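Dumping the structure here so I can ask a few things about it.
Chain nomenclature is as follows: A, B, C and D, assigned in order of appearance, with residue numbering initiated at 1 for each chain independently.
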Amino acid sequence: MPDQLLQQLADGLLIGLMYSLIAIGLTLIWGVMNIVNFAHGEFLMLGMFTSFWLFTLYGIDPIFSIPICFVLMFVMGMLIYRFIVSKVMKGPMLAQLVVTFGLSIFIANLAVYFWTPDFRLLPPTMLQGTWQIGGVALSIPKVAASLGSVIASVCMFFFLKRTKTGKAILATEMDREAALLMGINTERINSLSFGIGAALVGVAGAFLSTYYYIYPQVGGLFGTIAFCVVALGGFGSIEGAFIAGILVGLAQTLGGFYFDPSYKYAIVFMIYLITIWIRPQGLMGW
Amino acid sequence: MRDFTIPKIIAGFAILLLLIVFPMVVSHSFHIHVMILVFMFAMLGVAWNIMGGYAGMFSFGQAAFFGIGAYTSSYLSIAYGVNPWIGLVAGGCAAALVAAAIGYPCSNLRGHYFAIASIAFAEIVRIVFNNWKMVGAAEGLSLPMQNESFANFLFNSSKLPYYYIMLAFLLVSLAVCYFIATSKMGYYFRAIRESHKIAEVLGVDVVWYRLMAIMISAFLSAMAGTFYAQYILYIDPGSVMLLAMSIQIVLISMLGGAGSIMGPVIGAAILVPASEYTRITLGFKGTGMDMLIYGLLITLISMYYPEGVWKLFSRIGRKLR
Amino acid sequence: MWYFLSDEAHSRRRIHFISLYGTVEPFISKLGTEKNMSRRKNVMASKNCTRVLSVALSLLLILFFSVSAQSQQKVIKIGAVYPLTGNIASTGLDCKRGVDLAVDIINGKYDLDLPLAKSAGLPNLGGAKIEMVYADTKGDPKNGMSEAERLITSENVVAMLGAYQSAVTKTASQITERLRIPYVCSDSSSPTLTERGFKYFFRVSPHDDIFARDQFQFLKDLEKKTGQAVHNIAVLYENTEFGSNAGKAYKKYAAEFGYKVVADITYTANATDVTSEVGKLIVSKPDVLMHASYITDAILFTKTFKEMGFQPKGIMTMAGYIEPGYLPSVKADGNYIIVRSTFALDLAKKKPLIGKVNALFKKKYGIDMSENAARSFMAPFVLAEAINRAKSTAPEAIVKALHETDIPGSQTIYPWKGIKFDPQTNQNIYARGTLVQILNQEYVTIWPFDSASKPVVWPFPAWKGR
Amino acid sequence: MNKSVCLKVAGLSKRFGGLAANNDINFSVEEGEIVSVIGPNGAGKSTLFNCVTGFYKPDGGNVFFYGKDITRMRPDRVCKLGIARTFQIVEVITEMTVLENVTTGALLRYSRTQPAMEKAGEILTFTGLYEKRDFLGTDLTIADKKRLEVSMALATQPRLLMLDEAMAGLTKVELREIIDLFRKIRNNGMTLIIVEHVMEAVMQISDRVVVLNSGKKIMEGTPKEVCSDREVIQAYLGEKYSALLK
């Protein structure tokens, strides 16, 4: 029995870190622009398809296609911000919530139109197989994804805390008017954060495509869970999203193993609701 | 809030007359089916509007109340032979209770936080019903084909009775919304929407009024749920409690004009036929073209008409006057 | 009246966009005339204005309304509902391919030992052609119902087939029962569909109850033949209509055949991660796993079994593992898994008809015929043959003919004795499943042993060995 | 004491982490009086307001309103009892017209909207905003917004009105108008507590003045006494300047 516990803990951590990677991008967009990006799941799907096509058409292994995914999704994120999201920023909050829903339906069905709704899976790439560490089987692609998640979080953390643009993003996050007064071009910061947010989730997609199946509707559940992870961690806080992601991953596997697999996601949502009730601004939010 | 001037009342009755005549004239039962869906989603939109439009509580979990209404009345009529009309009220109360259970802890959440909390809550309800053996878990419940009568709320020879019942339900919810909008509660809801601080300073018991908003909204949504169960005669969590349905309800209210009485009705009149007919004309090729247009439509509208179509009319109306 | 001909290359069917002018004009002018009956003088003025108004209105509505006003007397329209968009779209499209091929064979002249293959169209009805009218259910029972009603009332189809998902077939068949239109289903496998005592609902393919019993029968036959006994069974199924029914059937027959159920796990369909489920399986140490799931979870479970080294004596599964997207995704990891099936390409050695049909399928779609397409393939034949024999499209006549249907097994692409419907439940009594095993990425029939083309590989070889 | 004590603050203290925003403050206000609370920025004036009206839960001490302990009471209950207030940063309902704003306030005392609207009309004529009753909250000038906020507070028919820097940012003319308004309100039998920085307005209008500095009450008395008190001047102008004044 004990090795199963270790196995569940390990896998909980691995899937949790994947949730963190997805959530970091979302929390950045949400924190800076106070917009819930309901199309985040679809961005993930686009990242997966990008790495899939790069592999099947040009034979680039997903690990090497990550930088390309980052750049492509960054540009896409900036474009989406400039032509769609920026128009809604001044509108009522309801319109901000709804515009990204429209976007998610549009992107998902664009994928259905171009790439048919069929299921795809990357054949075993450079990273494949499992490590056996004392009875606990760790799948190498998942471990790689978790490493990627840790690296991305650390980079984001230092980028925001140390670099000039990072501080500008944090300033915009805390108080938009004050940031404007300080001479920060908040429009540029918005498109930059949207770009980085989309790029990060694109990278998450690239990692995910190494071990998960790809089809246009894959973003749905991952997106919903990412919202809870971000709200649990507290808006705009990278560390909050990172920790909350791990918590959700562990809650899911342990809850599923010890309680009942079909209530797995109910447990995740329940933990989220309880935390929000006690601390409305989330674990690390202000 | 005296925006109901004389010409508007006449226009209202003219439309009502047209709606009553419509089913007798158009023979294809499919168009009647679409109109029934329009009425149902309009009612759900109006119910959402009481909570989202007026009180500023953007709920993305309306389908949970809809589903609870459908399940309560169906289960009561299958297991205990309770008449669906009583089941209707029971469903409403059950949904209102659940709404209070979730409304109270989230009473201080606002904006996005409330929206995400409502999604989480609705997903929990769906998962619980999906695994609850007593109510048929994932297999859902199918209502027996009893003899057709108004008392049993069941008609299988023609859709006309369903059409008029749903129209009546919609008028009831519009009346409730009108009464609330022009009453003390309406003012207090709009104060709460602006900010809890202002409402509290004016002596508004914010927690109590937010609970009232979510409970009334849940009751009306549950009524629509019971109608759906009696109309389709088969319900399962996958068809009555999906996040996609909650989102469609929000879109309808927003597209029509949240915060106005007729907004959701206009939204439903545009969105529901659009999605039904595009599905027929473009759906069967399997290219997802109809959903593509649907998504594009939503994005463009929230970009260019964020306050909704109804506010557009009233603004034009105000300019003409 | 306008006919708006769509020039889509690959779709041979013309899309009837009929201007609503025909139906709207009387509606408007009647309204117009009633109101102005007394004032004779300006009736003419209002006539012109209504004409202009109705033209404009119909031009606007042409985009939205597709009402086929007039059916050629030589065409018999059959409605088909499938999930053509949404999560299960790839499977829905696969069923559609099977049905389209069947209709081609019926309408054309093919040298195939299939009902009505040799003649063009339906000889007894003057060579009338079959025309399929499809509708997309998006996998939602509500749409299944409204689409069935639309096809019957406005497209006036004479019979219905389809739906693949049992929940959708359930609501769609409620409508056909109420409107008394025959419904022949050959792809939904939930047992409850034929236990509702419906007069107009027929099922050609076996249902999950039969499949479950077959899987346990296989275990008994294996024990007799090779002496390898099995005791503990783990049952794993998704919490959907299909999954929970299959789970019930598994548990029923496990008790009946005297096996001990050591794990009974339901899980959420389309999961992001299934390590906790597989963890529970490993802990329960079953000899054989019985798994019922659609394709998304089938792929995820296969990969997780391999990752966590889940090593039972045998893995027996349903549905998802034989869908067209499964093997291309998991490739070698799918080897040695046993799946229930009604069709397997390797039977072509014993039955050349299968090879010929598959060749036609490959010519038309470029890929081999999948189990889903094969299952849906038969329904049009059963319907067309019955209509032809009934010499009329009246529902009662078709139902009577369907009761007398007795298509020999040789005229089907399945390893059954034939197609004959049980008078009470309208379930094809000869329908039996076969079991195929995935051997180097191909489905090979292994049970019933008499029609097996290769001996079964048992027990399930270790993951590392491959 | 011929007049009853309207508000009594006994030993009120409130800390934010290390900072003692309010530290053992005691004072009381008779019915019909105008009391001003003055002190440099950060002296704890707004904190005092928020503790009295229930927006903050005080850490120590009690607040009595006509003898009833309202220390831990929720803001809406405090308002029901009869204490109305305005905010330092003016807050009005932007999506409602002026009339609707005040009606919302009046609805506290009426169950139906009709009488409430009539009451709102009366109050708007009283505060001089009646002509602008159909303006939307967003379309008002700062002065009008402050006047609207006072009207909303009056609409709840309070017995004590607490104004948080209602005169900040007004021109000379607007200042005089608002002082006349306050005098009119007081003459109707209302008790007023004003937090203010505009000294000449405070000195003209208040019966008594309470001076706070870094959370403690350093002085209480008539305007004249407070003006000449050394410690008050020092608190405001700092030691260097106060030395010059001697």
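In this text, a contact is a pair of C-beta atoms (placed from the backbone, for glycine too) under 8 Å apart; a residue touches a chain by one contact, two chains touch by 3 or more.
The model shown is predicted, which means the values in this text are computed figures rather than measured ones.
In the absence of chain B, the touching network of the other chains comes apart as A, C | D. Here the largest set of C-beta contact pairs joins the chains A-B. Chain centres computed from CA atoms place D at the largest separation from chain B.
Of all chains present, the one whose mean CA position sits nearest the global mean of protein CA atoms is B.
Centre-to-centre spacing of chain A and chain B amounts to 32 Å, using the average Cα coordinate of each chain. For this pair, chain A with chain C, the centres built from the Cα atoms lie 37 Å apart. Per-chain CA centroids place chain B at a distance of 44 Å from chain D. Counting partner chains per residue, chain B shows two or more touched chains at residues 127, 130-131, 286, 288, 291.
Residue positions 85, 89, 93, 239, 266, 268 of chain C are each in touch with at least two other chains. Shown for chain D are the residues that touch two or more other chains, of which there are none.
Every pair of chains in contact is given here: A-B, A-C, B-C, B-D.
Residue ranges on chain C touching chain B, taken from their complex, read 11, 27, 63-67, 84-85, 89, 92-93, 96, 134-136, 138, 140-143, 145-146, 149-150, 153-154, 167, 170-171, 174, 178, 192, 239-241, 243-245, 266, 268.
The touching residues of chain A, when paired with chain B in their complex, are 30, 34, 36, 84, 87-88, 91-99, 101-110, 112-113, 117, 216, 224, 227-228, 231, 235, 260, 262-263, 265-266, 269-270, 272-273, 276-277, 280.
Within the complex formed with chain B, the residues of chain D that make contact are 53, 55, 74-76, 79-80, 84-85, 87, 91-96, 100, 103-105, 107-108, 110-113, 116, 152-153, 155-156. Listing the residues of chain B that touch chain C in their complex gives 25-26, 28-30, 33, 37, 127, 130-131, 137-140, 142, 156, 232-234, 236, 238-239, 273-274, 276-281, 283-286, 288, 290-291. Across the interface of their complex, chain A is touched by residues 52, 58, 60, 105-106, 108-109, 111-113, 115-117, 119-121, 123-124, 127-128, 130-131, 243, 247, 250-251, 254, 258, 286-289, 291-292, 294-304, 306-307 of chain B.
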